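Note that chain A is present in both complexes that follow, paired respectively with chain B and with chain C.
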Partner chain A sequence: MAIEWQLGTVSSTRDETATVRTFTLGLPAWAGHRPGQHVDLRLTADDGYSVERSYSIASEPERAREVDITVERIPGGEVSPFLHEVVVPGDRLEVRGPIGGYFVWEAALGGPLLLVAGGSGVVPLMAMARHRARAGMSIPTRLVFSSRTYDEVIYREELDRLAAARDGFEVVHTLTRGQPPGWTGFSRRIDEAMLADALEPLGAATRAYACGPTALVEVVANALVRLGLPPDRIRTERFGPTGT
Partner chain B sequence: MSEGRAMDERMQRLADMRDDPAVDLSLDANAIGGLLAGIFGADVTGSDGRCASCSTVSVMGTMRVYMRGPGIVVRCPACTQVVLRVVETPRGTMVDLRGVAAVRLPG
Partner chain C sequence: MTERFVTRGFVGRRDQGTSDDGIAPDDRRRRTPPGQYLTSDFPVLSAGPTPRTPLDRWSLRIEGLVDRPVEWSWEQLLALPARDWVVDISCVTKWTHLDMRWKGVSVDTLLEGVELDPRAAFAIAWSDGGYTTNLPLGDVLNNQAFVAYEYDGRPLAPEHGGPARLVVPARYFWKSAKWIRGLRLQDRDEPGFWESLGYNNRGDQWLEERYSGD
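And then the complex of A and B:
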């Protein structure tokens, strides 16, 4: 019953921003996943030293026998610099998963859906958004997404495309460190007023998923409770010093 | 000094240094689902677990995890008492489960 390690082959990579890259892993023995779940990656050096990290799955489960992971390069980290600087298509990595039975959303759960992300916290939420689009659902969904600058918005063009489909998916961007000329989005950290605006058209039956740095997730979870969402409809995933 | 006492002291030092609830650097136990699966034999992140200190039942994936260092400490989200500790040692992985009253394994 334990989750077994399997060998995945990097089939392609794609730069999302200057410091964030997506790796597509081919997994012949992959049994499928639910949006929001993650995988563990294990790197083992020649002398037997090994290190593991967890990475959220970015891809929708409709894609068979492969997953995308999107990894931010953390300076001084042990694993993410290796993935960014050393790993190329054709390389094999040890993978364990899928993991996680709590921070998951599937179309069958319904909505409306409020997704709140800080930085690379958008990754598991992207799996949900892609799954929603792929399943042809029109579940009203809002993504409130905080990034530092315009160039650091992960999946920016794809999010624009998903929103342009006008099937009920909307994105609210906020840029906290710098805004391009003519920026009409928010330019402050996610706060209760911003969430109140996003939540209002979705209504009291909304399911909320928040992922990002611990401090952001705390603010979001507390604000959503004050705005009247039952705690059991708010699911959180904090990431911090492990994602290196 | 016995290995057991050395281990206890190391566990205690870990607990003192890195999981002070006043300094919340915690993650959700969801993040260590793979490790927990190795201990319990199944992915328990969506399963209920009962804290031995306060008897509160929480979804395992929502418990607080402190992992800034060589050891991992899991605390009850209701009372902040230690539920589970894991320390990797050269001679194997030490798992301290005395804070867990019960875990429901997936069917």
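And then the complex of A and C:
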């Protein structure tokens, strides 16, 4: 059965940081998704010129008939600047999905759970964290989250709230480009020592999901293998060039 | 949706990526499959950790519906007749990179090492780490597929599938199995990793066969 294009209506937008915005899309025909999956968006000009992009779903599946996508504005990009500068509530967008069946975590899969994110790579992991909270699970979960600066931490306040529930969800922040006064978190790129500390209380049965720029995901996946996690329990999603 | 939907306010950049590659604009448009955008990067998409098999324990095997399986060591692969390939690559994640330069061995050359059973109709590529992808034999013969071990004049990097990957330019890039270790010839089709997870069984980028049912 084909995954059909459907029309979604932007019901609201929310700025997560200065360059990252969440769009809530109302989708009357949405059949539901699993945390970690993405949607395709198609934009079409009046002469038929069209482009498509994939965006991870940020919202938990418990919210019926709507999804959030969280989009980082890429300077010089063709789609993300349009979404940021032109699209307002009430606009309609062509969407199809959900897409992807491997980078997926559902409460039924159990844990413990190690989530590792770089920048906007947190988006599909946020769907997992929100789903975990909504399902009322106490699965031990750690999110190791690398951002450039404090102001660039996507979902910062919501992550604080999720951690404050003390139901087994913890966040380990690292800020690689600058730290506010009194910062007590990490201030270096994610490395094996940081992951070893995060993994230690979770144990050898941990499922790991890593999403972010290629260089970060390579480091994380290789380190987790060295730390003893079986490769088939490490699921990755990468974006961006290799930097070489 | 029978009538074309127009996105309010969308014009599009229409430059089809950077233009420092010396390819004429018309040519760039003509060579960009539907729904794709051009990039000069080489993005990475892998479902799990990058496998690392030492070259002295590496081999490439052809098995299944052949008179007898054949296996090449790394040195033996490098000794096979190879050529440069300049091909356009399209990934289902929407990027297309024109004129990617590889060096490697045609699958035709590999198949010269075996006698094919007439029932052989599908090739299942399998890789370190357990990845598989399926291709009709007709999609890989006649220089439509090669095993690459160099990209852009350098050994193929592990995150791009090194030491060697399959490259099938006429299909979305997930069919170009990274870390390839073998081809198994079968009479029956058998969906591979992504083909079992909602992606299209054939993956022709010009027909936009991205997902199951497209």
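The rule is simple: the second predicted complex is superposed on the first by the 240 of 244 C-alpha atoms of A that agree within 3 Å, B and C clash if a C-alpha of one lies under 4 Å from a C-alpha of the other, contacts with A are read in each partner's own complex, and residues count from 1 in each chain.
We adopt the following convention: a contact is a pair of C-beta atoms (placed from the backbone, for glycine too) under 8 Å apart; a residue touches a chain by one contact, two chains touch by 3 or more.
Computed from a predicted structure; not experimentally measured.
With both complexes brought onto chain A, simultaneous placement of chain B and chain C is prevented by a clash. In the superposed model, A:S54 makes contact with both chain B and chain C. Put chain B and chain C next to each other and count what each touches on chain A; the higher total goes to C. When the two structures are aligned on the shared chain, A:G101 is found in touch with chain B and with chain C. Of the two partner chains, chain B and chain C are each touched by A:T214. Of the two partner chains placed by superposition, only chain C is touched by A:V225; chain B is not. Touching of chain A by both chain B and chain C, each in its own complex, is seen for residues 1-3, 40, 52, 54, 99-103, 214, 218, 236-242.
Only residues 1-3, 38, 40, 52, 54, 96-97, 99-104, 214, 218, 236-242 of chain A touch chain B when the two sit together in their complex. Remark: chain B residues 24-28, 30-34, 37-38, 41-47, 59-62, 67-68, 106 touch chain A in the complex.
The touching residues of chain A, when paired with chain C in their complex, are 1-5, 7, 40, 42-46, 48-54, 78, 82, 86-87, 91-94, 99-103, 214, 218, 221-222, 224-225, 231-232, 234-242, 244. Contacts from chain C toward chain A in the complex involve residues 1, 4-14, 35-37, 41-51, 93-94, 129-130, 157, 159-160, 193-194, 197-198, 210-214.
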